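Here chain A shows up in two complexes: once beside chain B, once beside chain C.
Coming up: the complex of A and B.
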């Protein structure tokens, strides 16, 4: 009996399966449901409304998004005759899967038994994987064969070129400070959280993640009042739901990466031996920190409108990019002085 | 035909620069509307080169209801509920000048109490309409908080109007020679409370919207209408006043109690979207001042029937009893199929979106011979065609929201 349980546990906690399916797919779904609920509730509070309420008033409308998802799941998926059928269907699915892929390669514990891949170049691999999924949003816009979708896709392309460099520079500044590409070593090196040592890089990373996931001052590709829903204009039903969810899943993946790099990962806890203390608890700490970070991301919605495309790009290249370079320079200085 | 030069728009904004020309093949033609979240009941056909609008063609008329023709088949007084449908949150402002035109044909002047009552409702309506405009403007540039706030706060003004008239939106309040209802006893307190509330809220609006760095960046220098061009295009209302033209029908030709109350007409010189937002913001403040003054006046002066003696003297005793009991002027039966003497009159009033003009012609029957309406949104729609080219696609909602274009009013 104990053998069977051990077998099941070892299958569940086989790192690639655990991180991709449990943390990546299920965990991100749960976090996203909670975050969207939180975002709507926080915005509603600022705007003097109730927000989601009528589905389970005792839970303050928490399962609202579950209800929405069920509705999306049973809605008819309409594929326009003029659309490129295969790409139209594939693009949102691939984008969603790819957007959680970075979670499968980051360490959620310092215990080598529970690393999904060898960790020597893990920060590079994770960053590289974050850059894959946006392409499929452009593909979705192109395959829709709709003017609004194409304009939205082109805007997405502009925004990608603006934020990717910043995200990579600012997150890699940690590896410059610690002189390693190993995420575990970066986490372990943070006696003081890296956000305190290099707030400039954190701010740049924060802004780039907002841009990457259409967070509010940068909600440009889907800007409703010019391009309807941007690349997703022609989508309906589950495919639309996937498209919308993909942005939040991507934000979750970025948040986990940022937690590992800037916020000390599993920091107050020291992972030990065994599944419970070596894997489950540290990974939950990381996910909880990522959720808190996402809550902060979602507060911008009620404060800001959206920038114009050229203003966002100008801000990214003229302000945030130098900030990321400065953060990188600060990291090099810290490495030279041996702060970390 | 001059070639349009991008970026030269601000200095060279002349009407000859934007003559409609043959569509070049590499331009992208996008139909914004009528089924579009950012269009309202209209269509704007834009041709874009990259991200820059080269041509914009406002295609109006989707909610045209032949109001002028319908008016010819209805009795004089029954046209009021019809014209209110142009801008329901601005009901008193858009109909008061029709009533004034009728009064001019009848050659009567309403009693001062009725004038103050109308002015009061006009200003309540103006605030409600400006808040509506602010809400739409907010959601156009992605600021959902402004949208929710102003739509929620508009409710305060709508309820104030309900206390005064009995109806939330289409009040049908002014009638030839007077107004339909006197203020209820507790109205002054409620009005002063609302004014205090709004003074506080406006400060918060300024902080979250007008002084928000993101909003400022979006609005500053967008959709600039220089003073000369504004005069040539013939724009009215806040759009003209934001371009430095001090024109307001309330000043040009004071009607009702506007020559007795104190108020300022805010004028800004910049002529961009931000200036237009500020004009509306400052106008709300001035409207609050007028509401206070009107309420004070109404409280100080004795209650009397707010209708001209010519009608009131002829009314049956029951009507007078109803007025004494409820403060309500029951619509006189003689007014329903009243015949106006032959004649013609023109009147104008300042609605929230600008000056509205009525030309009314009577041939002695119980229905109008002709009613011509020139509504402010119809005059402001020209901004799309001549001002939008040269700006980015994302500036189109900014321009749209800032001129507060309202299709039902423009299409009539």
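Coming up: the complex of A and C.
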């Protein structure tokens, strides 16, 4: 009996399965549901409204999102006759899967027994994986064969060119400061959280993640009153839900990466031996920190309006990109002085 | 004459950090409301707005005052008010006589209140509510029996009456209607 339980546990906590399925898929679904609820509720508070309420006033309308999810799941999926069928169906699915893929390669503990991949170049692998999924948004827009979706896709392409460099530079600045590409070493090196040592890089990373996941004020590819729903205009039902969820899941993946790089990962906890203290608790700490970070991301929705495309691009290249370069310079300086 | 083209210039570029203060202000206000929301949503069936007397809601007829003059039906812009004929006994002579009475059809009424204004004897009056649901269209066409008494107002039985007032500092605020105290 004990042998069977051990076997099941070792399967569940086999790092690739645990991180991809439990943290990546289930965890991000739960976090995303909570975050969308929080986003709606917080926006409502700031705008003096109530937000979701009537479905369960005691829980402040939390089941509303579950209801929405069920509705999406059972809606008819309409594929337009003019659309490119295979790509139209595949693009959102691939985009969703790819957007949680970075979670499968980051360490959620310092215990080497529970690393999904060898950690030596993990920050590079994770960053590389974050850059794959946006292509499929453009594919989705292209395959829909609708002017709004194509415009949305082209906008997405513009935004990608603006944020990708910033995201990579600002997150890599940590590895410049610690002189390693090993995410575990980066986490372990943070006696002081890296956000305090290099707030400029953090701010640049924050803004670039907002752009990457089309959060306000950069909700440009999907801006409702200009291009209907951007690349997702023709989508309905579960595919639309996937498209919308993909942005949030991507934000979750980026948040986990940012927690590891800037917010000390699993600190203040020191992972020990065994599944519980070596894997489960540190990973839960990381996920909780990522959820808090996502709550901060969500707040921008209630505070900012939407930038025009040119404003966003100009801001990204003239303001945020120099900021990222500055952050990188600061990291080099810190490495030279040996702060970390 | 064709319109003359006007050369417009973009305003001069402001400095790199000109927007900084604006951003900080916006975030501060956002956080302030997040911590202390001053919600003004009306939770409708549980709360309802108590309207002042004189509000143009449903219209009721006082048959004692009515002189059967048809002015209300004539002025009605939506043709909601119409006159019906009734054989009635004259109380003095005891003779049967044809009389005209106004009835109202709420499928058409736009609640403009012209009929109330035009009535020479003030036989029509408005009640300060208009949110009543009917099960079918036929029920909305009132006969004379329904028209002579104020309609039932189910919302008031369950809901809390509230009012919106403009506060000097807080802007719009929702208060309980009867006590006039803040929620």
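As a convention for this text, the second predicted complex is superposed on the first by the 340 of 340 C-alpha atoms of A that agree within 3 Å, B and C clash if a C-alpha of one lies under 4 Å from a C-alpha of the other, contacts with A are read in each partner's own complex, and residues count from 1 in each chain.
Rule of thumb we're sticking to: a residue touches a chain if its C-beta (ideal position, glycine included) is under 8 Å from a C-beta of that chain, and two chains touch if they have at least 3 such contacts.
Note that the structure is a prediction, hence the values are computed from the model and not measured.
Engineer: Based on the superposition on chain A, does the combination of chain B and chain C result in a clash or a fit?
Structural biologist: After superposition on chain A, which the two structures share, chain B runs into chain C.
Engineer: Identify the partner contact of A:319: answer first if only chain B is touched, second if only chain C is, both if each is, neither if none is.
Structural biologist: After superposition on chain A, A:319 lies in contact with chain C alone.
Engineer: Looking at A:216, would you say it contacts chain B, chain C, both, or neither? Reply first, second, both or neither.
Structural biologist: So A:216 only meets chain B here.
Engineer: Quick check for you: in the superposed arrangement, does A:58 touch first (chain B), second (chain C), both or neither?
Structural biologist: After superposition on chain A, A:58 lies in contact with neither partner.
Engineer: For A:46, is the partner it touches chain B (first), chain C (second), both, or none of the two (neither)?
Structural biologist: both
Engineer: Touch test for A:151: chain B only (first), chain C only (second), both, or neither?
Structural biologist: first
Engineer: Looking at chain A, which partner touches more of its residues: chain C or chain B?
Structural biologist: Looking at chain B versus chain C, the one contacting more residues of chain A is B.
Engineer: First (chain B), second (chain C), both or neither: which does A:304 touch?
Structural biologist: both
Engineer: Where does A:81 make contact in the superposed view: on chain B (first), on chain C (second), on both, or on neither?
Structural biologist: Neither partner.
Engineer: If both complexes are laid over each other on chain A, which piece of chain B (7-15, 61-69, 367-375 or 403-411) hits chain C?
Structural biologist: 7-15
Engineer: Can you give me the overlap between the chain B contact set and the chain C contact set on chain A?
Structural biologist: Common interface on chain A, chain B vs chain C: 46-49, 302-304.
Engineer: Could you list, by residue number, the parts of chain A that touch chain B in their complex?
Structural biologist: 43, 46-49, 147-148, 151, 216-217, 219-220, 223-226, 228, 301-311
Engineer: So in the complex, which bits of chain A are touching chain C?
Structural biologist: Within the complex, chain A contacts chain C at residues 42, 44-50, 53, 299, 302-304, 318-319.
Engineer: Enumerate the contact residues on chain C facing chain A in the complex.
Structural biologist: Residues 16, 26-27, 29-31, 33-34, 37-41, 43.
Engineer: Can you check the complex and tell me which residues of chain B touch chain A?
Structural biologist: 28, 30, 32, 36-38, 51, 138-146, 148-149, 152, 208, 212, 214-215, 217-218, 392-397
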